[in-house]
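All chains are identified by letter, namely A, B, C, D and E, in their written order; residue positions are counted from 1 within each chain.
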Amino acid sequence: MIRVENLHRHFGGFRAVDGATLEIAKGSITGLVGPNGAGKSTLFNVIAGALPPTSGKVYLDGEDITGLPPHELFAKGLLRTFQIAHEFSSMTVRENLMMVPPAQTGENLWNSWFQRGKIAREEEALRRKADEVLEFLTITHVADEKAGNLSGGQKKLLELGRTMMVDAKIVFLDEVGAGVNRTLLNTIGDAIIRLNQEKGYTFCVIEHDMDFIGRLCDPVIVMAEGKKLAEGTIEEIKSNEQVIEAYLGTGLKNKDQVGV
Amino acid sequence: MVGGYGRGPDILHGVTIEVDRGEIAVIVGPNGAGKSTAMKAVFGMLNVHSGSVMFDGEDIRTLTPQARVAKGMGFVPQTHNIFTSMSVEDNLEMGAFLRKDDFADTMEQVYDLFPILKEKRNQHAGELSGGQRQQVAVGRALMTQPKLLMLDEPTAGVSPIVMDELFDRIIEVARTGISILMVEQNARQALEIADKGYVLVQGANAHTGTGKELLADPQVRKSFLGG
Amino acid sequence: EGHGETVKMGVILGFTGPIESLTPAMADSAELAMKEINDAGGLLGGKMLEAVRADSTCVDAAGATAAAERLITSDGVAAIMGADCSGVTGAILTNVAVPNGIVMVSPSATSPGLSTVEDNGLFFRTAPSDARQGVVLSDILMDKDIKEVAVTYTNNDYGKGLSDSFIAAYEEAGGTVTINAPHEDGKADYSAEVGALASAGGDVLVVLGYTDQGGRGVIQGALDTGAFDTFMLGDGMYGDQLVADLGDDMEGSFGAVPWSEGEGTTAFAAMAVDADINPEGAYTRESYDAAALIALAMAAGGEATSAAAASKLLEVANAPGEPILPGELGKALEILANGGDIDYVGATNVELIGPGEAAGTYREYVITGSAYETENIR
Amino acid sequence: MNDTVKTTALFGLVAVLILGTGFFQSWNSALGILNMGLISAIMAMGVNLQWGFAGLFNVGIMGFVGLGGLATVLVSMPPVPAAWAAGGVNIWVALLVGALSLAAVILVRSRLPQGNLRAVVTWVLLIAGFAIYRSLFDPARDAIEKVNPALEGYLGGLGLPVLLAWPVGGLLAAGAAWIIGKTALGLRSDYLAIATLGIAEIIIAIMKNEDWLARGVKNVNGLPRPLPYEIDLQADPSFVEKAASFGLDPVTASTLYVKLGYSVLFTIVLLIILFLMQRSLHSPWGRMMRAIRDNEDAARAMGKNVTRRHLQIFILGSAICGLAGAMMTTLDGQLTPGTYQPLRYTFLIWVMVIVGGSGNNLGAVLGGFLIWFLWVQVEPFGRWLMELVTAGMEPGNALREHLLASAAHMRLLTMGLVMLVMLRFSPRGLLPEK
Amino acid sequence: MDILNTLVLLANFVFVPAIAYGSQLALGALGVTLIYGILRFSNFAHGDTMAFGTMVTVLVTWLLQSWGVSLGPLPTALLALPFGIAVTAALVLWTDRVVYKFYRKQKAKPVILVIVSMGVMFVMNGLVRFIIGPDDQRFADGERFIIGARDFKKMTGLDEGLAIKTSQGLTVVTAVLVVAALFWFLNHTRTGKSMRAYSDNEDLALLSGINPERVVAVTWILVAALATVAGVLYGLDKSFKPFTYFQLLLPIFASAIVGGLGSPLGAIAGGFVIAFSEVTITYAWKKAAGYILPESLAPDGLLQLLAVDYKFAVSFVILVVVLLFKPTGLFKGKSV
């Protein structure tokens, strides 16, 4: 579905993504893990058109999409969430969701003047859809709150919720889990699996919670220093020496020394 | 504590939290429960209508945040917790702003703990990856050498290896007699090392106990720790 | 009859803005004339004149129009002495004065364009049009046998109009203009202008600007860098401060300013000094005359209205009749009351021609020993 | 206080202020304030569209207003045949050559690969184009400007009805906004601001210095009007009779009649724009715009074409300012490029938007009226204040004289104080965005 | 010889004036950039703050002159400068207390502060004219020239003169010193760093124990000092007239932006870019060409790229072009 070929993205002399080559299979939930600063978010940003690559190519279903602007990628069904939540802070949570679907009748200036009826009907449907998503994310009670006032985790949920407002082909999730309550994270995980199975969305998920990755993802790609380090099932990864050294570590050293 | 933001409705409806010297207290709870709000309330960053905030037996409710820093409190907020336009080193230095002594040692310790920061010491903190930023934020608070260190989700977004290091370090810090109050979503690891655990739901205490007790409580496990 | 009534006269000048330092003296001069009339017992059997000031801003047409509007419709002024700058004068005239039938006498709007503006017979000015000044300046140069000059003008209708008319006259007479560079007033720095002017060269730099504005900035720059030693100055450049500040450096520079010589001017100077007004100030004489003319024309018309003033203004200003000097307004009123005829001479030898503007004589001066010295009256 | 009540109350206040002016000063002043208030309100809506809806920091309002004014001259003044004969065709050919060589450069730069060849071709095209342009343009311009310079010296306009100039003013501004938007909209916040400020200065510089176009600083006086002239009305017996039946003298009646005529025209324009603005604000389009304003990156990722939208709204807002500019020049009856100053035509409008309440159309309209009212009325107020202060002092007292002499400078001071007080009292504007 | 003449010619009409004007702009832009960088708004009252500071200095200078105090070849105003700075600092601190503080507490949007600063601008504008009037005021004394054009010609025997005014020399020297000091202060002192920290993230600065009110106060004092110094130097070079100071605001902003808002180095660079572009692009190269080219090739035209009519337009064109290639200015400024 997505093929990344020898992708580079440099900041000044620093090679954040340094010749990454990888593939995300259609219908999969691919995990992307790696140490902090491995270049995962940068890779996402390049694929999603937020940053131009220094060199290399990105293909979506065989079509070259390198450097396309985000809104065109969105139109092709490629969605992403941000690691640091990008809510529309002065709009209500519901509006944050309702603005997502593309090509709404009322988004055309002309129509906004002369097509009131049609817009009203569309809005009604959107509202219902948004409320469903809010319900799903357990944040119905803040539907009319300004998004800027949400708690850190709630913003993350909203971020995810936006991708649920449209039919996507592939969704890139950048650390949806960070700061999200584990119980809720499980629910999110379920949702991802359901979207994957029922609607056929492909997912690419960055996450540092190995339980979460383990439950959802196959395969898992490990990045380090801007390149792909390893790929495989979660078990393969967990037992990969290199990965343990660079990323997973061996657990707490001082655990037993605590007073409990 | 009862309080809220500006003129908005109350978000905290009577929360009680206590940390003793050298202890680690962990707050967990669903998103939007008011954990961060409670932390900010302790630090004097919003209105507390009733209740009290005591530090070393002294009521500090009327003190400004920077006065609380001077008293020995350090805080890492959940978001916007670094100076993005300043270099990593300057970020750390700012943590030691109120210190009059030489803080070069502390800085070395921080660099030991987070080697990547040493590498990027002259880079703008805003150009770091999410996890690296988190390390800067914790490092900055450590520079204060506080008596009470308050961390709002310090491990959000850091890789497992760094997270383990971080928890290790927190334990070490606590052993030197510094109290730790932290909010965590990686609740299981956090509660494992916690002396005290609080579960907050909708602005109020729902469960309280030692870390182990809470871990063992099936209801807590199911509702907040993901089974 | 008429005792105790007041007749209001608007004084619209740019009290704020680019010529804010010239206007207080102008307004004072105008009010001096009104006071004189009041002291002589008022107009038309005891009506007292009262000045109502308003700010023309010199540059903001909308603001000036609003101010004039207020003067006319709410303060109920019977006539307007003003405005000062040509641009706002045109705006007030067409938008407010003409529709309301209010007479305007400007002491200083000198743009040639105003000669032909549709004024319904309501607009007069006591200063000559710059069309004339251009010729005078050219003559001065020709008489001095200076054949090549650089020109800089303030970039507004006054400066542009004056430079147009000057250059036309000068080239006609066989002179060469090496460069004709505008400057904006009130700006921070004139190095670029000075650089360009210096490079183009010329025997004399002709400066058609304002004395405490860009004009002076350019002169200062030219002196400092040694680009030019001698300057010819247009009317807007005339001012004591200039020679006081630049002193010896201006030695030998020359220019022209609407002027008059004779008893009227002297009489005004004496009165002005008594009233603590600098009589040498630009357009103070014209302001006095403007106010006096309005009042006298009203008296002649027998009614304190614009209509009366408009119909009689030319008559009062020009011969035949008894010549009237500043300080003799009381006498003039008396003559008029008795059905006599006057020829207002005033501080500037007023002689209104054509569309109601001063024919104007100019004083050609040379700066010698940090003072203006008259060479000639043209 | 309920929002509607507050809105009504504030607009009521404006009405009271204007009516008060009518009763205590004069109806002419009142209508004068109303008319400029209407124009200001329209400009404020244009700015509000850009800033309040889309977060575009446009500080180039003056330029668009100026272009609207230019349109009035170009549309409504009669052509000057002598000037056309002298160089009218050549000057347009010259401009065409200039435009074509620029187009050629752009084409070359997009077609040829980067390298020496491209650089050489670019420079050759630029220099040759410039040389041809100047050699055609300069003589033509000089010839045109020589034609009766005191009164004409320009090509004149098309001699069409002046009302047509309003939409044309909007179009002209829109065209300029398109070019500016294409190049500068990538800039952020204050950088965009200063770029637009600079472009506005450039536009005004062109209007001031290209005499062949609209007489430059020599101004164009006596623009045609959509309404009859007062003096004609005064001469019309049937009008005089009607005026008398209202108990008005013909002069007052005629001036009021004309002003009221403008008020009606302006109000119609204002209402149409306000209606359309409100509709789009409360539709998904408005929501999308607010989203873009809040967070461009996220809006992009959510499939919104931010660049296009910015351009659209920049053009639209600028067009509204251009339209208002044309209306204003029509009302003034003259084009005076020298009087376009950023303080008056850009920053004052911004004050209107912010004090009124950005993001709220009604707020912008309210700000337009209120600030214009103050701008006009603080002048006598300042004088009055000074007289009050000095009332107790002896005549001839030096301080008293000094204070009275400074009265004129009280205008800006009072304006500043009033602004500060208003913003203190409601920091998000009088009618904040909901 | 001709080469020398050309060089002197250019130095006299291009380099010296542009460097002096550039330094004046740079000093003004530094103040603007500092407020933008730390308090995060574009301060429209800066021009009038400069006017106020200069006014106080002028008044004190007059007083000193009337006492017969003088600095020999240097202008007496330098002695009065500290008073000017002190009074101005007091005024802006007071303004901050009664005006800006309120909005800071509210966390108002920058644009609100911009408009508020316009209100302050109007008030200060009135205040200055109220006290000293709208007229031109001269207060320069001491030696006018370091070297005059005529003296230079006599000394060197060249056809072209070179003039350097005392005020120009002073301006450049002061600009260099002030910039160096400011740079060092911001980057190497605790207070300086705390100011940068505050500008970056106010809440976090609070959490580090930085007293925001102190940072704000220090900023205003620095700004008052910069504004007064800039204003006085400008006044010494040209003359003091309140209206001109208001007009200076535009080129000052242009400089700050070209350089990159919030960057002190940028302010300097921006000042020079604006000054040099204004002077060079409209410069008529005729005379210079006359020296270099052989007689037969001497040009008829002025060899002017653009008429001076477009002087201001030119500096804005440069500004727009710079921004198109470097969207946040030459030195990577901030944007809020």
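The definition used in the following text is that a residue touches a chain if its C-beta (ideal position, glycine included) is under 8 Å from a C-beta of that chain, and two chains touch if they have at least 3 such contacts.
Chain-to-protein mapping (UniProt): D = Branched chain amino acid ABC transporter permease; E = Putative branched chain amino acid ABC transporter permease.
A quick note: this is a predicted structure, and the numbers were derived from the prediction, not measured.
Visitor: Any chance you could name the chains that touch chain C and chain E both?
Guide: D
Visitor: Count the C-beta pairs in contact for A-D and for C-D, then report the pair with the higher count.
Guide: Of A-D and C-D, more C-beta pairs in contact link C-D.
Visitor: Any idea how many Å lie between the Cα centroids of chain B and chain D?
Guide: Computed from C-alpha means, the inter-chain centre distance equals 54 Å.
Visitor: Rounded to the nearest whole Å, what is the centre-to-centre distance of chain A and chain E, using the mean of the C-alpha atoms as each centre?
Guide: Each chain reduced to its C-alpha mean, chain A and chain E end up 49 Å apart.
Visitor: Please tell me the distance, in whole Å, between the geometric centres of chain B and chain C computed from their C-alpha atoms.
Guide: Comparing mean C-alpha positions, chain C is 76 Å from chain B.
Visitor: Where the CA atoms of chain D average out and where those of chain E average out, how many Å apart are those spots?
Guide: 30
Visitor: Going by the touch rule set out above, which residues of chain B reach two or more other chains?
Guide: none
Visitor: By the touch rule stated above, which residues of chain E touch at least two different other chains?
Guide: Residue numbers touching two or more other chains: 133-134, 307, 309, 312.
Visitor: For chain D, give me the residues that contact two or more of the other chains.
Guide: 208-209, 409, 411-412
Visitor: Mind giving me all the chain pairs that touch?
Guide: Once each pair is checked, the touching ones are A-B, A-D, B-E, C-D, C-E, D-E.
Visitor: Which chain E residues qualify as touching chain D in the complex?
Guide: Touching chain D from chain E are residues 36, 42, 44, 99, 102-103, 106, 108, 110-112, 114-116, 118-123, 125-127, 129-130, 133-134, 250, 253-254, 257, 261, 307, 309-310, 312-313, 316-317, 319-320, 323-324, 327-329, 333, 335-336.
Visitor: Residue numbers of chain B touching chain A in their complex, please.
Guide: Spelled out, the residues of chain B in touch with chain A are 5, 8, 24, 28-37, 78-79, 116, 127-132, 134-135, 153, 156-165, 167-168, 171-172, 175, 185-189, 192-195, 210-212, 222-227.
Visitor: Which positions of chain A touch chain D when the two form their complex?
Guide: Residue list for chain A touching chain D: 48-50, 69-71, 74-75, 79-80, 82, 86-91, 95-96, 98-100, 102, 104-109, 111-113, 116, 119, 122-123, 162, 166.
Visitor: In their shared complex, at which residues does chain D touch chain E?
Guide: Residues 51, 57, 183-184, 186-191, 193-195, 197-199, 201-202, 205-206, 208-209, 342, 347, 350-351, 354-355, 358, 406, 409-417, 419-420, 423-424, 427-428.
Visitor: Applying the document's contact rule, which stretches of chain D touch chain C when the two form their complex?
Guide: 21, 24-29, 32-33, 36, 149-151, 208-209, 211, 216-219, 221-222, 229-231, 234, 251-252, 254-255, 258, 328, 331-334, 336, 338-339, 341, 344, 375-376, 379-380, 383, 405, 408-409, 411-412
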